[in-house]
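Both complexes shown next keep subunit A, but they swap its partner, so subunit B is in the first and subunit C is in the second.
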Partner chain A sequence: MSANTATEAAPRQRTRRNLELVLLILAWGLGVLGTQQVAWSTGEGLHSRFWITAAVVGVLALVAHIIVRWRVPYSDPFLLPIATLLTILGLVMIYRLDVAAAQRAERNDNPIPTPDVYNQLTWYAVAVLLFVLVLLVLRDHRVLQRYTYTAGLVGVILLLLPLAPVIGATVNGATLWVRVGGFTFQPAEAAKILLTIFFAGYLVVTRDSLALVRTKVLGVPLPRARDLGPILIVWALSLGVLVFERDLGTSLLFFGLFVAMLYIATQRWSWLVLGFVLFAVGAVFAYLMFGHVRTRVQIWLDPFAYADTGGYQIVQSLYGFANGGLFGTGLGRGYPELVPFANTDFILAGLGEELGLTGAIGILLLYAVLIERGLRTAVAVRDPFGQLLAAGLSITLALQVFVIVGGITRLIPLTGLTTPFLSYGGSSLVANWVIIAILLVISNRARRPAPTPPSPDSTATQVVRR
Partner chain B sequence: MTRAIRRISLVLAILLVALMVNITLIQVFRSDDFRARADNQRVILDEYGRQRGPILTGPEAVALSEETRGSLKWLRVYPEGEQYASVTGFYSLVYGATGLERTENGVLSGSSDLFFVDRLQQLIAGAQPRGGAVTTTIDPAAQAAAWAGLAGTKGAVFAIEPSTGRILAQVQSPSFDPNILSSHDPAEIRDYYEELLDDPDQPLINRPIVALNPPGSTFKLVTAAAALSSGRFTMDSVLPGPAEYDLPLSERTLRNWTGEECAPGGEITLEQALAVSCNTAFAWLGNELGADALREQSELFGFDYKFETPLRAATSRFPESPDEPQTAISAIGQFDVRATAMQMAMVVAGIGNNGVVMEPYLVQEIRAPDLTILRTADPRIFRTALSPEDAAQMQQMMVAVVEEGTAGVLQGIVDGAGNPVLVGAKTGTAQTGRDGEQPISWMVAMAPASNPSIAVAVVVEDGGQTELSGGALAGPIARAVIEASLR
Partner chain C sequence: MTEFALTLLRLAFLGALWLFIIITVIALRRDLMQPREARPAASRASSRPAKPPKAPKAPKPAKPPKASKHAKSGPSLVVTEGPLAQTVIPLGTAQVTLGRAPDSTLVIDDDYASSRHARLYPSDDGWIVEDLGSTNGTWIDRTRITSPTVLPPGVPLRIGRTTLQLQR
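Here is the complex of A and B:
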């Protein structure tokens, strides 16, 4: 705890932790109000477990806050409240869909299905647990740089794990699940973090050589041929994910992330051009070779022509958004259950229907602030690895939001991805909370008062070694 | 690297803005397009998910919503079914809505601006929105009598209160069962609808306000009114009433329905000519007055005007520019004269209301979901068709039709207290001009004649051959409706 005492000895700087607490209380209050509105307007009435559930959520948020106060007191005050609010909004919507499912079952005299909201709440608890663990274990993000290649290897293995016999599983056409016992998870979510660490660590070391320019072709300065290796490997890996796991979203996410980080590391826009060309080649190749990609694109171009088959999801999603209009139907008054996968991929369609454009834009703004805070952290932190890591994690979030929200609103072809923090599903929720934890660690380092003697490096190293 | 991060931030910001613009397009600008698409279940679920307000007649509901356990939560039910079909219309998943269900949809569904405060309260209370109630002007007794009287015939009854224009009865026969058309079973709805469309008697037509028929001798009321209005005639003026009238400019003649002179000596007063429905006298009168005077008088009663009660009625017509023989035939309600039952009831009501024609209306009150009254009907004058003096003469003449003429079937009516009531009326029999069809039988009447509380028009499309047999078919129905209303 020498670091801690050293920090307190330094000149006092505003931590803004009280602001964070106020925002957290507001987020919790919104969740309570939202749940009550669902209960009343669906005619269900408040569940007997409501206040216990609300208390559990409150305690989880409070635990996260206390740990932040203790371990990363100078970190950005908006990251935790926004992640918490999004998670709570997700819980409210999942509960609302549980009610719809229960009412439908009741109408058809079917047994009432198990509600999903308690599972999600459990996942939220696990997510907070991991969040706390990261904050406890990781005093300094630079430690992660040591595990660059380990992270890369494990990341790739995780990414390819669904293809393994026995444990790999295909759900809804995409092979991105692993099933061990009765327990399934999406390894790509964990791979997302590990590969960002790998990219950051790798690029910090190699960026100087990657920035070297040998030749120009048509005015475009091209990197040296032997430096092309890494981008080609990532490209091939992404295509592999697309082809063998049939997961367009994850494929797009990794490739986009890598190209963006490559650009940040080298500041050579030629990498962006090269990345785009490779993406285009890959996209055309995939379109020509694979029926499922072709179908996706055709549905995107004219979803109404396939309204009864492949276009059903997107058409229902559009109808949901349209039904919401400017102010929405109000929670519990719309028909979010008409959209397939309403509590995972399409959860924003339900929120857009019941909270309207106002709510949908509000949620997108929450993401915008979250991502902006992450990128601001990247700019503020002084070490290149931290910069790349923070930027990479923020970009992951941004790309994921863009790919899924763009997909369900028909801006781009639909690809399955979870909506960060909102969607039902443990792997995604836990992974995104770990991202927030890492961002908080980096942010704490970026914003804390002038470095404490003798060297922040040695202090952090000691802590980890202990 | 900072600069590169800033640039990437900009790109990500653009992506997010693109998302927001796109969502705005969907939720605001294209929202109506998406909502209007036939396969969008939300619109229907929404409509059927709300408790639609009832349509009331007196304290009784003639259309109401009952809760079901299906995914369409509320089912529309019509306790009186066919009897009120002409008023309520239907509320169908497949074919949309008709009748008051269509015109009053804003109130019934709760989306009307009248409910702004109510909706605000519901929003705050988080309650499910409900629709308001519509109370009709219908007199249930008159409606039931009309329905019973029309049973088995093809025809219509329309009755109004002359002093206000309140519609007291509006019945069609044959009718349809709105319960079936408003069910939640599309196949059943389609089968029944097809069956109705195939029926040669066209039960889906709102006969009392939409079916246009030649009014026959009932139109003589308009001709007589034009005669009085011209100032050249009174009820005592003597007119030629031979057995045959030579149509000007042609070889053809027009005969009385009896085939004889209207009165011994071939001369007859206007009052008597109306009482015995003398064709030759009215044909002569028509040419004396001219087509323009007849048309003008008819328009003062409501011909050539689009009424919405709020149900849209067909426009009754007097021919554009008839020549002399055509004018003569038009004066007795044949040739191209066409009128709805509603229009002929309005002619009688205008006479009964001292010459002032009121606009007919079907909605008495609009109530909020909590039954507080939001709007009450406001009777409106349509036009003044006659001076009070001329109207008084017309009333006397119409009483003579009952007491001395062709509408004897309406004699001896008593009110609820058992006091005799003078009734004014006019019979009519009209040729449709279509081969093989029975003539159309009319009876228009009002009671009490001096200050009527009801004016009724009955039309039976497969009526009898003569003025008397026509009266014999339509007359008893008119009598039953009047008696039910006076009781």
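Here is the complex of A and C:
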């Protein structure tokens, strides 16, 4: 830390790991309480496997905590508990929807569908495994800067992978999946981390020329034509994703991420203006060219006119929120299963119905704190690459929450994206946990106590050590 | 399970959720209230390189820092010119290192500064500046220093494009 003076002396270096543990236990308790509530209010009774499941979740959280204590002791104490709580809330809601699906199947004399919650639990285990791996392997986030262009290339390849003939798969109209064997994966989730690394590494090197050299057009300082290259390429790429993979959400996410990072790197608002203009052009283009985009916008403007067709989902979600009211119907007492895709895109609609406005705001606050901690890490860390990387990763989360929550509450047109940590789906869960791991590594460096000030004669050793 | 018990359970769940949030926010507030240093402002500012002739907006005219504001916290080192202008480093009893190295007390992101450019340490005569073998030198007023020199308050100390002053 800089300016390490008397006011910021040794006793100030609290790592607050115990607070993290308390919050983790609270998160686990919430999961137990929620699951019991679901079991009682739906009349299902506790499953015989309940305590085993709860123990597994507890052990996973504890393992993550211990590894954090060991590897990144000075890291931010809020990131891990909040991510864990959101994951657990997701598990509770997915379990609740499993119960609903089973009950409906029973009523209609259909075979009971396999529950999703154990899949999600497995993915949580994989996510924690990767989380631990990142903490073990990545001692210093600046190592990632060496792989700037590798990350960019792999990211783009991953992004385009679903278009490959054999392994690509189209599900619900979006070509987003890769299927290898019986195993499907959304490469865009991994690509989002890799491209953030690429953007950060690229912008660290080029931001001086992007920030300084400019020409004025109509009073708006614009960058030189040749500096426009990267933003245009990313714009074209995200439009390409939109056109060929028909995925509005991912395309929006990447473009928004790049513009935000450009702005942070250069601190020039003209990039925001430029980004917004390009976005508007892209949006109009998409609206005119693609039927599915037009439908989305029309549904957004008047969902009730399409309540039986395309607007069914959003209308049901709005009814859900309305049914929830201020304090919700209580877990297990609403009808979240009426919304199609209730456990992926619309999981917050279910939570909003059963926990009410109070619970939904709580969840949004959790996201807000999570993202604030990420951005704060970006402010606190001292190397420019780390700043951009931490900011970029936080912005990825922020954009994703904004796009999907805005979509299901009809603030903006609905685009399919997963709700970070909550939604059912392995790729997204794993990717978001990796993001948390990287943020922890960065914040560990940012919050570490200052190394003992080097005396002038030890300069050589200092340099070697770094 | 009676209706009453379920209602209690429902409110208990919401209560626990908010308890989590409230604990977090209280802890956060305490975190934010900790005396903060000039670091965030400094590292942010350094990300905008200021080339005086080309970027007319970037280098703000160095306002003389208000000495009265910092009077209570004892002496401080104030950056008066350069990309980090307005940064204030309160001086305690520890030495202050200046340079491009990321672990310096004041990280000077400047092509004309060396990694470990100079250091400032207290002595009985006041604060002493010592050049740590920098390439472009450390200047007190108009003279390049060759040996540890006392830095009188209010006299400009120049490192690369950055000018600093000791404030009482």
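As a working rule, the second predicted complex is superposed on the first by the 437 of 466 C-alpha atoms of A that agree within 3 Å, B and C clash if a C-alpha of one lies under 4 Å from a C-alpha of the other, contacts with A are read in each partner's own complex, and residues count from 1 in each chain.
Everything below uses one rule, namely that a residue touches a chain if its C-beta (ideal position, glycine included) is under 8 Å from a C-beta of that chain, and two chains touch if they have at least 3 such contacts.
The model shown is predicted, which means the values in this text are computed figures rather than measured ones.
Enquirer: Would you check which partner chain A:265 touches, where first means subunit B only, second means subunit C only, and both and neither mean what they say?
Expert: After superposition on chain A, A:265 lies in contact with both partners, subunit B and subunit C.
Enquirer: Between subunit B and subunit C, whom does A:330 touch in the aligned arrangement: first, second, both, or neither?
Expert: Both partners.
Enquirer: Which partner does A:205 contact after superposing on A: first (subunit B), second (subunit C), both, neither?
Expert: neither
Enquirer: Look at A:307 in the shared chain and tell me whether it touches subunit B only, subunit C only, both, or neither; answer first, second, both or neither.
Expert: First partner only.
Enquirer: Please work out whether A:41 is in contact with subunit B alone, subunit C alone, both, or neither, and reply first, second, both or neither.
Expert: both
Enquirer: Looking at the overlay, does A:169 come into contact with subunit B only (first), subunit C only (second), both, or neither?
Expert: neither
Enquirer: If you stack the two complexes on chain A, which partner ends up touching A:387: first (subunit B), second (subunit C), both, or neither?
Expert: A:387: touches subunit B and subunit C.
Enquirer: Applying the document's definition of touch, where does A:78 land relative to subunit B and subunit C: first, second, both, or neither?
Expert: second
Enquirer: Return first, second, both or neither, reflecting whether A:379 touches subunit B, subunit C, both chains, or no partner chain.
Expert: A:379 contacts both subunit B and subunit C.
Enquirer: Intersection of subunit A residues contacting subunit B with those contacting subunit C?
Expert: In subunit A, positions 37, 40-41, 265, 267, 330, 333, 356, 372, 379, 384, 387 sit in both the subunit B and subunit C interfaces.
Enquirer: Provide the residue numbers of subunit C that touch subunit A in the complex, in ascending order.
Expert: 1, 6-7, 9-14, 16-21, 23-25, 27-28, 31, 34-35, 37-40, 42-44, 47-49, 51, 54-55, 73, 89-97, 101-107, 115-116, 119, 130, 132-133
Enquirer: Hey, which residues of subunit A end up touching subunit C in the complex?
Expert: 1-8, 12, 16, 19, 22-23, 26-27, 29-30, 33-34, 36-37, 40-41, 77-78, 81-82, 85, 207-208, 211-213, 265-267, 327-328, 330-331, 333, 355-356, 358-359, 362, 365-366, 369, 372, 379-384, 387, 450-451, 453-454, 456, 459, 462-463, 466
Enquirer: Provide the residue numbers of subunit A that touch subunit B in the complex, in ascending order.
Expert: Counting only subunit A, the residues touching subunit B are 37, 40-41, 43, 104, 107, 260, 263-265, 267, 304, 307-308, 315, 318-326, 330, 332-335, 338, 352, 356-357, 360-361, 364, 367-368, 371-372, 375, 378-379, 384, 387-388, 391, 394-395, 398, 401-402, 405-406, 409-411.
Enquirer: Under the definition above, what is the set of subunit B residues touching subunit A in their complex?
Expert: Touch list, subunit B to subunit A: 1-9, 12-13, 15-16, 18-20, 22-24, 26-28, 30-35, 37, 39-43, 45-46, 69-71, 123, 126-128.
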